[in-house]
Amino acid sequence: MITEIDKNYIREIINTGKRADGREFYQFRDIEIKKGVVKNAEGSAMVKLGNTEVIVGVKMEIGEPFPDTPDEGVLMVNAELTPMASPEFESGPPDENAIELARVVDRGVRESKAIDLKKLCITPGEKVWIVYVDIHVINDDGNLMDASSIATAAALQDTKIPKLEGDEIKRGEYVGNLELRTIPIACTVVKINDNLLVDPDYEEESVTEGKITIVTISDESLCAMQKSGIGGFAPEEIYKAIDISIEQGNKIRKKYFGE
Amino acid sequence: MRMSEEKRFDGRKFDEMRELEAKANLVERANGSGYFRFGDTRAIAAVYGPVETHPRHLADPRRAFIKFRYNMAPFSTKDRNRPGPSRRSVEISKVIKEALSAVIEREEFPRASIEIYAEILDANASTRCAALNAASIALAHAGIPMRDLVASCSVGKVNGQIVLDVAGEEDTEGEVDLPIGYVPSENKIHLLQMDGIITKEEFKKALELAIKGCKVVYQKQVEALKEIFKTYENEEVGE
Amino acid sequence: MITEIDKNYIREIINTGKRADGREFYQFRDIEIKKGVVKNAEGSAMVKLGNTEVIVGVKMEIGEPFPDTPDEGVLMVNAELTPMASPEFESGPPDENAIELARVVDRGVRESKAIDLKKLCITPGEKVWIVYVDIHVINDDGNLMDASSIATAAALQDTKIPKLEGDEIKRGEYVGNLELRTIPIACTVVKINDNLLVDPDYEEESVTEGKITIVTISDESLCAMQKSGIGGFAPEEIYKAIDISIEQGNKIRKKYFGE
Amino acid sequence: MRMSEEKRFDGRKFDEMRELEAKANLVERANGSGYFRFGDTRAIAAVYGPVETHPRHLADPRRAFIKFRYNMAPFSTKDRNRPGPSRRSVEISKVIKEALSAVIEREEFPRASIEIYAEILDANASTRCAALNAASIALAHAGIPMRDLVASCSVGKVNGQIVLDVAGEEDTEGEVDLPIGYVPSENKIHLLQMDGIITKEEFKKALELAIKGCKVVYQKQVEALKEIFKTYENEEVGE
Amino acid sequence: MITEIDKNYIREIINTGKRADGREFYQFRDIEIKKGVVKNAEGSAMVKLGNTEVIVGVKMEIGEPFPDTPDEGVLMVNAELTPMASPEFESGPPDENAIELARVVDRGVRESKAIDLKKLCITPGEKVWIVYVDIHVINDDGNLMDASSIATAAALQDTKIPKLEGDEIKRGEYVGNLELRTIPIACTVVKINDNLLVDPDYEEESVTEGKITIVTISDESLCAMQKSGIGGFAPEEIYKAIDISIEQGNKIRKKYFGE
Amino acid sequence: MRMSEEKRFDGRKFDEMRELEAKANLVERANGSGYFRFGDTRAIAAVYGPVETHPRHLADPRRAFIKFRYNMAPFSTKDRNRPGPSRRSVEISKVIKEALSAVIEREEFPRASIEIYAEILDANASTRCAALNAASIALAHAGIPMRDLVASCSVGKVNGQIVLDVAGEEDTEGEVDLPIGYVPSENKIHLLQMDGIITKEEFKKALELAIKGCKVVYQKQVEALKEIFKTYENEEVGE
């Protein structure tokens, strides 16, 4: 889709210390977050990063716990790169990109212990809440990872626990909110011509020399990381990327999550 | 509120539709896109094409190959909808694809493909109608030559009464569901499915009501397209 | 398979008010129905419409009811367009044509309430009869929809309910017949050069400008409809198609189902 | 009726087959078709080809590619047989394909495919034999050049006794099942599978009995083909 | 992979009564058997036949019995022709060759009654041991069938039954060995230019005119047979192949299985 | 033995790895192969290529297409691992593929494919590291031009302590798992994943320890390759 000429142009601008859309290296595109966008979901959020748009819906279902954690609810994160969102996405079961996206978002929520899964136990060993987080990509203009992570945090914050009558879920009636103990936010740092940048758009993604996604939480510690793409990072570059991610995470949590 | 002799569960009149909303240009990466809403039922559609046909043996030397996928987002239904195609979604994709194929000037793009994807974001009945409406807008927005738009809505029989645009309890308790896809300029039905017991006379009444509804939908579609093309013109003028 | 020349020939004949095989527009091909053709099935029928041949077998199995209808048996209709039946059919899971075929036949049986599913409950909420209707296409010479619908009605009429000992089905011993409360019969009307015709053969199907399948029941009401193929119908054409379908349904029910 | 020293569960002698039936020309759309019945076990087979090979990388520049699918109709078994390939059906398809490949003059159709499909309509043991028999008839009926037909039947060991053409209780209670595919003109075994404990001496006795059975099957196959080709001749004369 | 010239060469050598690697017609390549090669398996063995290498691991799991044998454990044999082992193998679900391999090995174990499945019942009708035998092919230099059969016998002989505490398997603690009542050994005889040979290597396999695998047990009876490949056998050739298989089976059982 | 202030569950020091073993040339049919062991964790890898790319539309006109599959043998885990890809194995395959792609001189083989397969034979933590190490050896053994080998190991945080090469109870009870893939000649990290809560300072300490471990791994890889190439030289000399 993107020619070598375009790619060279993107690299050249970055060499001058700027980006094609005028942003600073450590500046996100405009972020728009709308919660409660899906009537049938127990929680939902739409997030736009520039033209990138992702909808996350949370469904609460009843199911069995895992045998090794009989007193805990279950978190399931799934991502669909719908063929609508990009000419490069195809119908069919999730490919390696969709699986990686879902698993990195999953680890951000799981490892940060943002959800107290023990509170989602109904009958130990038998019946627990399953929290399905479904990431649905509407338009891919780059940095799906961060858009999905932010939308997941917002959708979980929006999530209400439905009323139960026996085994039946009374959809539309709720007993309370799903409590979030911390807000995990992913920040993806990419390298282009040895410069580090945040929130790459689709064109910038085509020229990255490696990406690293770092999920930070409210107390500034890290809870998940993932290097992806082709290209390596020197240790100092990773330390720098961590600093950037902590700063961006704090900004986003403050501005959009009331922290 | 119960359904009475004059009003429905949600207070609408028998021939009254839910609030409608139509938009174009929502998916920047696509060649065209559209959105349609019946009350709480929301669909978004995007069009890619004409593009090369893959795999190649599907290419038709006389006309464009039309690909259509109807898909419900997992969170769009009361109980989570398992991702991936179901028998229901495959059937719906087929009938919508056929309705759209009939209005697209397919002969203009021999060997090529036109790919159309519709996603249901929220489902409260008439999702196939919303998908077809959004897809029609998306095709027009993408500049794909078409003889006309397809407008779609459904009628039902609830407690023996023929009603327009079933929703909520009407959907689960109704006796008949009849979605149609209609092309106003040709007065032709291009999508029609029916479930449930109905007499010939009732059917006639239902179809007439559905056509009335489709004409309202059609107005909404046209307005959304006018809106977006007006924006484009202004942008050009502004340049 | 069918050349443009052949197609033009078929259309031209129809313009003269005739069909290539000499039939009237509203005339089915010869119908042959044989019940009880499969020893291992609880009910079965072979139907030929001219050279089109379909075998339907009904298997009765024990299973769980759906949660929302705990006191009802389950109807499952499946169609296989075996690669034997046409050079156009391929091995593999059912494609959109097989799925549509099965679902329209299913709706004809289900919506007509031909089977009293409540009578198929064994233990409410736990154990019910599952009625598997399997449509197996042997040769496709057009109009699989009507052939399958007729064969399904005949196979269901032929079905006996097996004896149960605890959870075990005593195959070959029966406690009675599966009662049919009405006989749903599909009639597919196609349009060729603006003429309406019934029971298209394979060659006619290649030139149709839309099909509409209408399932009627014994009291002349409709229980299912499906427009398929590319091409639309004016409202009056649909009303006409309904009249034709009621008439053909009555004929078939009278001649082959003893009504 | 129990199996005694002289008779079997169903009253047959140890070397007696069930009623056999063979036919050709049952599937009008196919290039050739055949049918074979052992008692209640019924198989139908159809042949398409030679046709172009898809996907192309499977094409063999020296000989025809042979495709064979053995499939049980869902209603053909006591408990419903779930549609789709099983490990059992994949293995059976492989050994039948290999037996047929050995007799087809594959070098006559380089790069092409011959597709053979067999459906089991009713199953009471020896379904793979019935499928192979029906497929042989179908190939000959399609005019595919072959060195000979393959004839197939099975023998078993039941209560220590070697018996021909196992069926019913013999199938579930038998100690050994031994289906073979045999080409009479070459005195060669082209399909052989065996389950269960058998001595070398018993095996020899069993194989001899199976070959005897195959020769009977072969006669039936040849008669069915003669019958159909006679019909064709008469039709030509009549024209 | 193997050219027609190579194939002719292989055939010509065999016509002189020899084999390319100097073996006799009825001589196996060097056999190497190592048991206990997988720490996490309850039983395992690596077998090399020349350069052909197969690892078989046995895992013991808890599961439900089949309804028709409520008091018996379950044997499951699975083979993976890993894409590592040959340029001809592909990733994905088992193809017809992998399925045939697994099923012939399965029949050898099952029909020989080598394992007393009744001893693997824990609670009749509810809970039994499932014996998973997984054949993992590391390098295919021909005759995977015999290599897999030998490795399976060795791995089963190596298998220990884990300790159970309630439903939980205490991995690493054992209550005893899985007893083998007989040692089923497959011997595959191939025909090349009307000569019968055992243990074909990969190059020889490319010129075989049919293969026959015969599984013999300790008392010299046969428990499973499978003709495969394209090419038939005269009855006398089969009788000869049986004699060869009995002899080879005895040799292998004596040398490697202490019989 | 419990983890104390000085020692770990298995008696190792905090910065001590398990026994390492590296080998080349284990899969005769492949163009190259390698083996790597961390204690009880064993991986074997094989390389085929450069070969033609299938299906063709995956071919890249500028560089080789790299295919990598990480797979656990079903018997390699405590509970049997169901065959076939899992979401976990797909993700691991992706990140290892990317790490290897960065060091392979892909531009040398435009349009071609290099296929790399790694099998875990026994699993006790760090399986992805073992697979990456074995694959690096296999690529070098196959003579595929590379800028350097990738060496991989993991560090963890267990009871608040940063430890090298987690294993056994440390894997199930640890708070953090951090596998890295490192290219010594360039001092670059090419694989990095992290699970669990860690401060920036702890992370720095962990990464330094991991790099130390990778350097040890790298020595083992180089020795294995020297060994095998020495054998080849001797064979040539001997001829």
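Observations, loosely collected:
A, B, C, D, E and F are the chain letters, set down in written order, and residue numbers restart from 1 in every chain.
Convention: a contact is a pair of C-beta atoms (placed from the backbone, for glycine too) under 8 Å apart; a residue touches a chain by one contact, two chains touch by 3 or more.
Source: prediction; values computed, not measured.
Looking at chain A and chain D, no chain is in contact with each of them. In terms of residue-numbered contacts, C-D and A-B present the same interface, as over half of their contact pairs agree; the other options in A-F, A-B or D-E do not. Comparing mean CA positions across the assembly, the chain most remote from chain A is D.
Distance from chain B peaks, on a Cα-centroid basis, for E.
Chain geometry summary: the mean Cα position of chain B and that of chain E are 58 Å apart. Computed from the mean C-alpha positions, the centre of chain A lies at a distance of 48 Å from the centre of chain C. For this pair, chain B with chain D, the centres built from the Cα atoms lie 51 Å apart.
Those residues of chain A in touch with two or more other chains are numbered 94. Listed for chain D are no residues, as none touches two or more other chains. Contacts between chains close into a ring here, every chain touching precisely two others. Order of chains round the ring, counted from chain D and going first to chain E: D, E, F, A, B, C.
Per the touch definition, chain A reaches chain F in the complex via residues 94, 96-97, 99-100, 102-103, 107, 111-113, 210, 212, 217, 220-235, 238-239, 242-243, 246. Interface of chain B with chain C (complex): residues 87-88, 90-91, 93-95, 98-99, 101-102, 178, 183, 186-200, 203-204, 207-208, 211. The residues of chain F lying in touch with chain E in their complex are 26-30, 33, 40, 44-46, 48, 51, 69, 71, 73-80, 83-84, 115, 117-119, 121-124. Across the complex, chain B is touched by residues 37-41, 44, 51, 53, 55, 57-59, 61, 78, 80, 82-87, 91, 93-94, 132, 134, 136, 138-141, 169, 171, 202 of chain A.
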